[in-house]
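Both complexes shown next keep chain A, but they swap its partner, so chain B is in the first and chain C is in the second.
Then we have the complex of A and B:
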């Protein structure tokens, strides 16, 4: 695969020369979270450098002109989880954020039938009533409840889990004596909100943490097609079937999204998700942050039990009292950390737990350049449905079987496919009259029972996707001009995510809240004072959100202001 | 996109010939196949089919490029009652069974979505003539998008007793009852009319879908609840001349003896083409009026008969803007405008009880049947409701005073009712509620509005401030709480012989 990097102003390659390699803070990884962290630190006046191992920025948010005239959103494709705070505090609109909403979802069904959900609730009611009138009504109440749950998650996301736990503990114990954490008014407020949750709401929350999405949705709906359609969000990026307990949480994760307060809205960034990274990079640079590609970090440097900087793969040393890593735990808490450096003998356990982190990939991406708009059997003519999401998930059994293939080490012969047609939303994505079709596909395990992925298997996987598409959009196979097939090892190689899991680690209760990415690092602080984690594997991470990095950066700034509370080792000094 | 028809009678003949090919048995045809069968050039066939499609007489098949039979389209093979087939072509707007008639009269091109249906907002560019027709002659309003549920079975009455706040042990065949229904917390879900068609058969009309709620509440009962929304078209014939028009068109009903909220079966038209109708003396205008309930296949017969007879009585088809104006005068609350259904309310404060929505009169706490929400409503009854739905009136001199500040006469006529909620204040003080519907009534010569206010600000005569737009500005106008309805003519309930009892 030839990768043509999209140019971003002012991003430079190689080792920084500035200041003899001394900075206030170093950020490892120029994915969108790393860039958000750098932007917040630079905005607060720190001298920051971002070090990215690959030739370009963006991590899993990147666009690429893979074939002349055709631009792909290589991996991630839609934006919804991006925190409003990040948009406003970093002034992202000024730096290029432009989200075009995808207002509808089409689920083509066998035999030319379909399930269509539009922005207009009345019309959506009619579409669903064709399958079940009861469900058409229930959808409204379901959405209302999910909106409330989304709001609950919104509150949760505003605080680091340890702070929140402390605040809740505070309230429960009604005595702060035994607690060491000073809690802001806002966190106290969130804690109060949780303690005041009605039993009904609490029930929904616990259900979402523990149930399978099929069971959860089964409480509301009777029609298989609607349950399958709604369960899509519960398996995205996860090695789970809608029938696996815990999948309801993944559903909830996707319901945290909004655009401008409009719940569950998804948008396409003009230019593809790479433009999101470029936008944040511009914001970071506008505050003076420096961004370096081709700069793999080999190790975090420690002196006297605290962070002192990093060592690059080429041996160069860069100094800083604060290092933030946006990479996955296997890297941040594994490879980059010498257990010996961690004070109090906490290092070995940390490194060992990081190795056991569950982040096997399950999804592939098939990006197609096509000669014209696809003609779906259910709605062959061009229309608004082509500017929304289009999902092949015609029934729960279908998705469950697709999962079964992967469970036994194969890719799905008839996969779940979540599509958008970026060129309908943004004509700059393809030459006039031609289009790009972005297919997010499950399941494709990181390791195949037949051995590791090779070119033949990759192509067979691509063929399965095209074959499946052709069942619903006959003729698509003849419209394909170019095809890019990416499977978890490619995600690992290009975006630097070990295992290729799109969220840097499964979103399951064992890897959430106080356990994400590790019990000793749930506050974004690691046991090595001055070293922080800030990527998708941290609190509420996963997806283009910027939320974890923002909270992490705010915590860094707070620690710099209040050195006595920083880190388990205590006694951190302002750099 | 309408296409231009080929000229001449030959084209009409050809078009009709093509149309007749579409039947329920042979619903789908490809262009090439039709061209061959009718001996026409494909491009001619294409143009003719284009016209038929633009007129809604045929459609496109969902799965291919074929053309398709449309249920209920006249001329095509015999029409079954249209069903939710409508949704099969997901991008097609829903049409009421009167659509071809209403669209032929809709000069303004102003349409509004109502429960997914494309409905006429005003037939003429401004709603004034339609408004005056309702108040001074007769207006004909297509209200088919209402949801309709048929309850049948031995337990039909029992289920209504459980669901509804009214007492259905008191309902009689041939009568209509207006009622509210609530959730367990006594919060209002909806309000609507219930027709008792027979001992074990009722028809409930509702503004929003509620099949699931009705079914779930009837769990274990011997009753079937069927959604017949798309099987029945409804026309509201309203205004002082409504009875004359009804009598001129309908056989089998003694309108002189029909009381307010009575129900009767009759027929409109004559001979084989006669349309069986159910007529209820109900409406949403606060005026003399009837609603005609008709199977969709007879819808156009009904429309044509009423419009033709109505010509001698000043009848005009009226759109939703005119309807909104008269319903405010009648003091009738509208769901999702004046109150939010508890099933839609995202936060608790938006939920109201029937009493708080001005529908306290529909709650019968003395009834035998235990009904959903009873306990909560009993508690409310002891405590008193927290909010009240009131009528507000701003008199002419107050309007003159405000407008003279910017050196103008009051600019208030010709404006449709506003649904944008605005705050209501204690005189010169804090907000005590919100005004959700309001307009200047040219009939009453007053600015009138419906408002939800704190119970202690609800006594008739209480002075409150409402916000009114004066030029570009917003001014506080002094308003008075008055009893609803604002307009309540004796003709609304009058009967010929001995007056009956109003419900």
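Then we have the complex of A and C:
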């Protein structure tokens, strides 16, 4: 399939020629994290270039006019985790950030029933009480607890993991010896906050890192429909069912978001998520960063045991003392780095561990152009439910069976679907009277047992999605004008994410904190001085957050100010 | 205050606690509801003339130091180490694999199956032993807060807690029988299929407590697992402990926040200043203490303890040794894993989560008479087939499920050991419901609480607290499999309870 580039002023194609190819810093990859990293470095006065292999910027955060007049957020479709500090520090609102909150979530159920959660707590209470009065009561308590937990997680994610471990280690004694890190007052604060939690809350937190979301939600609720509805956030982007241990953490990950201070609000960006990337690109360019598409990087260049620049696929060399890669570890640590270049013989281990990184994709995207608004059996008339999220997850068994299909190498015959109708929120997304329907679908494994994905299988998967939608919105099959079916190999090919995992790697204990993306690179520094990682596969994890890149860029700037540290910028000019 | 210590439950953990405390000069009385001691590690004449182990019969994880301290040898315990750890027979489409404690012997056998796997085996055993050795101390004593910091920065532990056994084994091995064999060692009574995250943990746990520089060997007691209980009881009695069988505790008496003793079902009241309960957390708190004395938050935590991982045990009296394809007699002495590939176990776990019987159950079989012929009359052999990953609350109920299960197990056994059906003379079957009714195993869970990472380490109750929160009555201690480090024939929860109590 082809993807039309979306214009961002000043983004140019090909190798930069300026200044003989010398920069202070080079950022590999122009997804939202690469762009955030570049913006922070440029804002600090560094001469920065972003190199993107594909024809356009955005990575998995992109919009596309897939069919004439119909615009889609190709992959990622909602924004919640974008860090407020990134928005403010990069002044993203001035550069075009405009998030429209999606206020409700509708879960259609078989037989024309539904579960509808609205912004108004009283109405939500009434909806849920129809299924269980006890659950309607418990929801308030649950939300409060999740807010606390999400806040705790968010605080832990705000610190570079090595600093955090050192600070926590200091407090629990004797374990911090090998962590030679200076801990800032802010990080010490976070560690104190964490360790001062009550034993019950601490237990609950540690338990959330390991248990299944079905078990976790079972502690609060009795009705299957509410548990299934709430468990949606626990499987997004993850090869997990709500009953798989570890899914409770993914749930928590999605409770770290806010919009304009409104906790756990999800928002739709006018113009689709591509406009978020464009906004960050504008901010980066406003500080002088250069952004180049069609510029695949072949490898990182090292001289005398430290970073010297990059070599492009066409053989051109660009020089810089700092290189930041926003790619997944298979690329950043596996492909771009020559193990021979890494001092101390650490290179081979990096490559070996990168190969073991768990990042199989499991989600597909089915984008539909439709002739009119869908009529859901439970709420046939147009109404506020159409401007919110709509999720097909009618029960835990339903979702688990969808997962079972994928576990053994098939796509889900009756999939989990999380959809929005962007054209209701932003009429420019579709021609007048017509609409776009954006369906995030699980499960679609990267590899099928029957062989690799082909057109026939893609279409069969698309058919399964439409068939499932028609169970809840009869007649929708006749409203479809165009259909775009994207599966993990497409995400890999278009967004450059190995395996097509939207988080650049499963969110699980063995791939978080000090182990994300690798024990030797969890401080954003790699064992090759001057070479850093800053993508979704680093601290803070996936989602359109900008959190990893911000922390990574701050670490780079900090290292440049203190050139005696391991990751000093060498040839780069100190701003 | 009354100095007497009452112990609820005469399973191996209760007996270990009784023996250790009595040896330290304490006044101990132990109550066991059943006529025989040993609980899930007891031996019963389920088939006339046969000594049938009801539950676990592998003493490989039981602390040797405790055996020595309690002089179990002098009290009649004789150990037999099985030559084989685990074996997977061949089928029409798969090859036989035998895992021996000796690395070289295993490599030699694997060579004929997969050169790659044979080459990878020594490194696997070495690394596993190394990680297990690092973990072992944490499983043998109460956990401290500092341990948490240490574990949370230990990559291999985090990997074990959050990755799936299937994926971590596939990084090294390719042969389906070998993969199935290792899953069969790790996953009994866990309730989790090998593809579930967190299943790296049970294997590490097993190896940490089977502890040595090789794959944890299978160790059996001469005369059946009940011989361990007998030796423990003899040791305890020799130190002055009173042991009462057929005495069922109906209540742990609490007075002004302190335990005051226990009451038996026949109304008898025994004063005690301390009580160690080895029952499951649900039974201990909800049945024996009673919800009215508990904080609502505590009750909620109790109700959320997961007991999945039910199993059924079929005992067969056979006319001779069955012919498992591709396995010689020494290979039949350890666990015999009847699964061709990890997904056979995964599919059984799938069925259980939808409350169904698996179409093809996977079976952990043992032939205890291959090591100890005294367990059956002359000429007979005893086969214990444990069917794991069963739902406790089977759809349609176990009355209807029982014949179905028997039929499916018979089909499976016939597939793996052609002709076995003709050897069967008698049988006895324990269902998940029997494990609950007869042995107090809540929901049939053999580990007194699922052994998944979210119910392990700090997340499992300890002898005196539940994650930093003290137990609801002073003088109350927990010493069963439901608390740290968990289930299995280890004696550790009982040991930790006794040690904690003595320390005060």
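We adopt the following convention: the second predicted complex is superposed on the first by the 560 of 575 C-alpha atoms of A that agree within 3 Å, B and C clash if a C-alpha of one lies under 4 Å from a C-alpha of the other, contacts with A are read in each partner's own complex, and residues count from 1 in each chain.
As a convention for this text, a contact is a pair of C-beta atoms (placed from the backbone, for glycine too) under 8 Å apart; a residue touches a chain by one contact, two chains touch by 3 or more.
The model shown is predicted, which means the values in this text are computed figures rather than measured ones.
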Task: Kindly say whether there is room for both chain B and chain C on chain A in the superposition, answering fit or clash.
output: fit
- request: Based on the superposed arrangement, let me know which partner A:408 touches: chain B (first), chain C (second), both, or neither?
  value: second
Query: Is A:65 in contact with chain B, with chain C, with both, or with neither (first, second, both, neither)?
result: neither
- request: Using the touch definition from the top, say if A:400 reaches chain B (first), chain C (second), both or neither.
  value: second
Statement: Chosen between chain B and chain C, the partner touching more chain A residues is C
- prompt: Looking at the overlay, what does A:114 touch: chain B (first), chain C (second), both, or neither?
  reply: first
Query: Where does A:207 make contact in the superposed view: on chain B (first), on chain C (second), on both, or on neither?
result: second
- request: Return, as a multiple of 10 degrees, the angle whose vertex is the Cα centre of chain A and whose sides reach the Cα centres of chain B and chain C.
  value: 80
Field: Partner chain(s) touched by A:147 [first = chain B, second = chain C, both, neither]
entry: first
- prompt: So, does A:134 touch the first partner chain B, the second partner chain C, both, or neither?
  reply: first
Task: Look at A:224 in the shared chain and tell me whether it touches chain B only, chain C only, both, or neither; answer first, second, both or neither.
output: neither
Query: Should A:168 be classified as contacting the first partner (chain B), the second (chain C), both, or neither?
result: second
- request: Considering only C-alpha atoms, give the closest distance between chain B and chain C in the superposition, rounded to the nearest Å.
  value: 7
Parts of chain B lying in touch with chain A, wherever the complex brings them together: 60, 62-65, 84, 86-88, 90-91, 94, 113, 115-116, 209-213, 215, 227, 343-344, 346
- prompt: Which bits of chain A are touching chain C when the two form their complex?
  reply: 165, 168-169, 171-175, 198-200, 202-203, 206-207, 209-212, 215, 218-219, 240, 243-246, 248, 356, 358, 397, 400, 404, 407-408, 508-511, 513-515, 519
Statement: chain B partner, complex, touching residues on chain A are 111-114, 116, 120, 122-123, 125-127, 129-130, 133-134, 136-138, 140-141, 144, 147-148, 377-381, 383-385
Interfacial residue positions of chain C with respect to chain A in the complex: 145-146, 148-150, 152-153, 155, 158-159, 161-163, 167, 171, 192, 195-198, 297, 300, 304, 306, 343, 346, 350, 353-354, 452-454, 458-459, 467-469
